[in-house]
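Please see the structure below; I have some questions.
As written, the chain order gives the labels A, B, C, D and E, with residue 1 at the start of each chain.
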Amino acid sequence: MSTAPLLEIRSLAVSFTQYDRGLRRRTVTALAGMDLTADRGELVALVGASGAGKSLLAHAVLGMLPPNAVESGTVRFDGVVLDPAARRDRAGRDLALLPQSVTFLDPVTPVFRQVRRAAVLAGRSAPDAVAGAALEHRGLGPEVHRRYPHQLSGGQVRRVLTAMALMGDPALVVADEPTPGLPAEAVRAALADLRRIADRHRAVVLITHDLAAALEVADRVVICRHGRTVDEARPADFHTDELTHPYTRALWHALPGNGFRLTEDA
Amino acid sequence: MPGSAWWRAVAVAAVGVAVASCSGEGRRASAGTPTELRLAIGGESEEGYDPTLGWGRYGSPLFQSTLLTRDADLQVVNDLATRHEVSPDGLVWTVDIRTDAKFTDGEPVTARDVAYTFTAAAKSGGSTDVTVLREAVAVDDDTVELRLTKPQSTFVNRLVSLGIVPEHAHGPDYARKPVGSGPFVFEQWDEGQQLIVRRNDAYYGAKPAFERVVFVFTGEDASLAAARSGQVDVAALPPSLATGELPGLRLTRVESVDNRGIAFPFEPDEGRRTAEGRPIGNDVTSDRAVRRAVNVALDRQALVDGVLNGYGRPATGPVDGLPWNEPAAAITDKDPEGAKRALEAAGWVDADGDGVRERGGTEAEFPLLYPAGDSVRQGLALAVADMLKPIGIAVTPKGESWDVIRTRMHADPVLFGWGSHDATEMFNLYSSAQAGVELWNPALYRNAVVDGELDAAMAAVDPGRAGEHWKAAQRQFGPGADAAWAWLVNLDHVYYADACLDLGRLQVEPHGHGWPITQGIAGWKWTC
Amino acid sequence: MTALVPPAVGRIDRRTRTLVLLGVSAAVVLGVLVAGSWAQDAAQTTSLGERNSAPSAGHWFGTDWLGRDVLARVLSGLRMSLVVGTTAAAISAVVALVLACAATVGGPKVDAVVGWLVDLFMALPHLVLLLMLAFALGGGTDAVIVAVAVTHWPHLTRVLRGQAKQVVNSDYATVAVQLGRSRWWVAREHVAGHLAGHFLVGLILLFPHAILHEAALSFLGLGVDPAEPSTGILLAESMRFLSAGAWWLAVLPGLCLLLLVKVVDGIGENLRSLLNPRSHHL
Amino acid sequence: MLTAGSAARPVVAAVVARTARLVLLLTAVAVASFVLMVNSPVDPVAAYVGADVASLGPAQRALIAQRWGLDDPAHERFLSWFGNLLGGDFGFSLTFNRPVLEVIGDKFLASLALMALAWLLSGVLGFGLGLVAGVRRGWFADRAITWLSYALASAPTFWVGLLLLYVFAVSLNWAPVCCAVPIGVPADEVGLGDRLAHLALPAITLSVVGIAPVVLHTRQAVVDALASDHVAFARAQGERGVGLVLHRVVRNAAAPALLLQFGSLGELFGGSVLAEQVFSYPGLGAATTTAALGQDVPLLLGIALFTTVLVFAGNLVGDRVHALLDPRSRLVDLRGTR
Amino acid sequence: MTLRADDVWFRYSRKSPWVVAGVSLSVEPGEVVGLHGPSGAGKSTLGRVLSGSLHPHRGEVSVDGRPPRPGRGTANPVQLVAQHAHLALDPLWKVRRSLAETGAADSALDALDPALAPPALLDRFPHEISGGEAQRVNLGRALLANPRFLVADEVTASLDPISQVELWGLISAAVDARGIGVLTISHDRPLLDVVAHRVLDFRELVRTPA
């Protein structure tokens, strides 16, 4: 057993080429230098302004960046440096993506077939039984099996996605922006789910822009800005105002509940 | 075509091309004398095979027999008729018919059927014009009287071309299931593709040498390809495609009166218009000197060689090769110097040195209209323009639609094509009575002497007398006198025929390439 | 295209490449127009001594049955096709623009009528409608132009109408109204700008269709005047000489037509990718 | 959430609405076509007479006009024609000398085989190639396929036919040069192989022309599908390669491809007009050309109406099939939103 | 001079349910009123009704006794700023032109509070500026129209917390300086508690549909 954390990301940078109207080429640097570690049993929140390229981190970790993207930096898993191809190979088993939106389900395939396919991919024997059980376990009976994703409620979708993501019993779960647009109670429920996954000795990376919500469940919070990790803090540091980094402090104080003001060093 | 077959067809589509490679085989490979003849000479009658609608007006109606027919010399001989006679006033044609003729359904052919056929044809709105018929009456079982509204010596052509249909079987679907007393029996017609006919073993005349004849309705190009690969025995093709001999095929040229000529507007341009508002008159072509000069200057043999690929004859008049042609009306052409002299004498000189003569402010120039889709006429028009340039006449060839040509034909020269075994056509082209009717006499040519001769020819009861009048008219309107038209060429109709096939002596064919060759089809035979 | 292949492969900037392609394509089209008018006389000149000759140094594309130079005929045919195509496409595009604007500004009733018209014209097979129109107008070049124009506006109308509606329903158009700007002002200032690109691209992309349909009509014998042949007529004529082995009459004009259509299409696609890089197929 | 029960009523309503639309459409097509035809400057009698103009006099022309009812005023002709139409009588074809409906029925049967074969070929091949191109996006296979599609889209149908004819029929003599059946063979002796042999070249021509849009649209659909969230999620679960394409892409791409394929019947018919002309194939397409060139107004009108129904039916079936494949689109009128 | 809604009802078509049912509220000049409710409840629709771009089926909205409407060349006295900042800017127009759409002269634009639209921003295209900047331009444009009232519909929902504070600072300044009244719509209760003088709960405003 190595002492290194399960996931260790160092100086991860991603850029790619885009074309504007008039075909002006520009190179967009989406991630400029991300550092992040997460270990088993830990829920680490990655917080930053929307559109800061946080989702790309999730895709990079799973080795699914679009072909025109250029990646640099290192991603270690269990202490071993994995290149994108190796990460792709582990996706679905050791590494899992947990999305929350209905668009992540195949719109033209009934729910059960998708879950069953996830079971097959995870290498489980008797995929039919496993898939049925996984849905049953999350309170989804046979009545939803033949439904299409658009016929499910938001909560049901989330449970189906969770069932699929966890099918391979992954060591690491990356949850990508699970909460936007949800009412407060739903946000709380979704995050509580994630906390439970972490508590079952898995590493969870929660990517979000909602600092206040993240603080309630995370063990550590990684703050990023302009595609770069700027700070890492524990939730307690926020409440006790022991924040060292000015941006983190500015972010904290700008929250409506914490003074709603601009600190001079923002 | 059963539906299930098609679905099976779809299922094994993949083998299609492979099978295709086998089916393209020629049939000459098979030994023995074929009992089947295959012709690709076009001429499908989309509306079917009903003579009262015009079927058989060129060549043999196959399924039906006609009262009279023309032999290889175009002389009228009896077929179904045993005798015909015209009353002295020319109004009543009495025809006796043979009694041994039977329709293929077993019924005998009677005078009533003949009367019925003529009556039906006169009333039908088809492509055969029997409107001169007042009534047709069966006098007895084998005699019929055809009574006309006016004397018409050329009515004999109706007797030659109108196939007799059975009154008892002439219903709405007759055109698709023809029954007649002709040399062949209808077997199958794949519309747009082929017509298969069988020999009529009960035919009263000389029986054809072939059990079956297949007419393939392909385009010219496909016909040539089919002939090359031995799939057909006879193929009609345009002169431009007749590029040389092909193995096993004989290039057969058939002379025709399928002629091409220029109609010169006869009246000067005085700003008049017809009732429909079409302009009348042309100040250049209304001068006889110009018309004669054009006739003299043209090198018709060069047109034949160049445009027709050699497949044709220079035209001397509208009825070359027909019994009523007048050879004396012909002139010597290819004489640009003579043409120039004639123009000078008439006052057409090139004073301003632009290469085009003028007289009294009028330039010797005119457009030459031709139907735009016709490539032979286009070639002729272009070549004519090239030939007339040296004598100082500027011609601008212009392809137009028939609709445009119709409105312009009284004022601008038009390149027409005619040619018929029916002398009525000559009457129509030159009689002032037909000026501006249909496309006839488009030039509005008017000469009292010609009118007199033409009327006399039409009214003549005796064919010989009629011929004399036809000839007299030609001497008057021909290129040596009025030069009303400049006839250019007669097309040869070109066929590739199997080298073993004897087509016998062929008639001079009328306008319309292809079907007329079937006129003597009953006499064709294999020679090897 | 560049964005999708591994960027390690060094290549020219896509913008430069697109601009160069555009320039070259425009030059080709212009060249065809100029050469076509220049070749018009040569296309009519018969030379009865040199009939049906295969391509040679003297006649690059060979000669036809009247000894006319096929290259000259192809060039003048292409010019004819271009002229017909351009005119028809321009008329069509303007009709589309007018209808789209009417549908957008004229209220729901006009919009419904326009929508119905579009449906009506799209319900009939293109070629059948073309045949009927060419027939009804009596054939000839003008009839073909009108027929092609009349059959090609619906698609562009649909595109432009959708685009205009999107603009009219956009937040910024709503803001403009809230700021006291009239509907016409919005149409002029906002909608026109957004439509211009689509209109231009749509117009150019109509050319190839117009050219092909003109050729098809002419091939069937309902098209332009055979005396002043377009490429469709040349090809129809060539059909009679296929079995005689005169492949050059069919292959070369067809190839030239294909290339011309491709070039014009390329202009449209390149322009489109300049205006909206993501919609590009490659 | 939809259940079968709640869906039934809208389906009925949709069918009624569609039918009403079709009737309205057909009426409009009938009126518009008739007006066009009647106002044609071309004289139908002259077209019918054609080369026989030499031997037919004015009296005979009057007879012809009378036989075709050209003497009556236009509105009367329309009313009687339209009235007959409501009774199922499409009128009488002048060039073919038989009822229009019979002509269309006969000819369409021949065209049906051609069109069905070409439709299947272009659909299957196009979808396959589009799938390959989309999956291998940016690679050689994609570029080759895309380039070929663009080239085919720019090629005139009839020219492709001419080339095939020259190469396979004239030069290689592998395929017959014309027609739907072999020369001189009675109908009952014509085998399936013969029919296929005669069908092969026209069908290939027709499918070659229809393939480009299918390829390009499928390719785009595949590219879109591959860029979608659900494929990203599938990838995150370790789905890749053939499995990804089979399980997560094919169905998504098939729906638009089928919709397009069913919506292309109009183009297919247009193509068949040209292909039949080139290969002398005696189908409805060739009849259309004949009717147009021969001024056969009743037949042309009949064909216009018939093909309108055909295209309409194609779209309808396409929508249904699309709805089967893509449950989201059920009860939504796709045509209006596309 | 009050923005009032009296028993306002609105639905999108005859067949669809009432989205706004019997809502009455008022906003005074110089007052910031918060409207709180969950997503999809119809708050935004009410915002558009209040700003006059949708017309109520029943009841009425009034400013000074008259319904708020843009006049010929004059702006609506009630201006709306919505959540998605970039959608409210014509992508083909530079910022300067968008601002000039209010009818403001160039000099007025240059004199605009640099905090709303820094001079460097004026000659950029919308896609060249950030979401926070775009939203400030939108606010600046609304203020250039000299409104009496402002409807701010989730104006900062897409912004990071720091930009959110900045934008609200600008709104407060306008409220203080010009005495305009603001109705702010949000699902974020803590935010409303900070920025609004009083907060209305949307669910309590809506009557149960009759």
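Assorted remarks:
Following the convention adopted for this analysis, a contact is a pair of C-beta atoms (placed from the backbone, for glycine too) under 8 Å apart; a residue touches a chain by one contact, two chains touch by 3 or more.
What you see is a predicted model; the values in this text were computed from it and never measured.
Each step here moves to a touching chain, and the least such steps from chain D to chain E number 2.
Listed here as common contacts of chain B and chain D: C. Of the two chain pairs shown, A-C and A-E, the one joined by more C-beta contacts is A-E.
Distance from chain D peaks, on a Cα-centroid basis, for E.
Chain B and chain C, compared by their mean Cα positions, are separated by 43 Å. Spacing of chain A relative to chain D, judged by their CA centroids, is 50 angstrom.
Put simply, the C-alpha centre of chain C and that of chain D have 22 angstrom between them. If you average the CA atoms of chain C and of chain E, the two centres end up 47 Å from each other.
Contact with two or more other chains is made by residues 4-5, 138-139, 221, 239, 242-243 of chain C. Chain contacts: chain B has residues 219, 221-222, 225, 403 touching two or more partner chains.
Across the assembly, chain D contributes 41-42, 138, 170, 177 as residues in contact with two or more other chains. Contact between chains, using the touch rule, shows up for A-C, A-D, A-E, B-C, B-D, C-D, C-E. For chain A in complex with chain C, the residues that touch the partner chain are 16-25, 67-68, 70. Listed in rising order, the residues of chain C touching chain E in the complex are 170-172, 174-182, 189-190, 193-194. Note for the complex: chain A touches chain D at residues 59, 62, 64, 66-67, 88-93, 95-97, 99, 101, 103-109, 117-118, 121-122, 148, 150-151, 161, 164-165, 167-168.
Every residue of chain D that touches chain C in the complex is listed here, in rising order: 21, 25, 28-29, 32-33, 36-37, 39-42, 137-139, 143, 146, 150-151, 153-159, 162-163, 165-166, 170, 177, 216, 219-220, 265-267, 269-271, 273-274, 277-278, 288-289, 292-293, 295, 300, 303-304, 307-308, 310-312, 335.
Across the complex, chain B meets chain D through its residues 1, 5-6, 8-10, 12-13, 15-17, 19-24, 36, 38, 46-48, 50, 53-54, 57, 123-129, 131, 175-176, 187-188, 190-194, 196, 212, 214, 216-219, 221-222, 225-226, 229, 231-232, 402-403, 418-420, 422, 424-425, 428, 437-439, 511-512.
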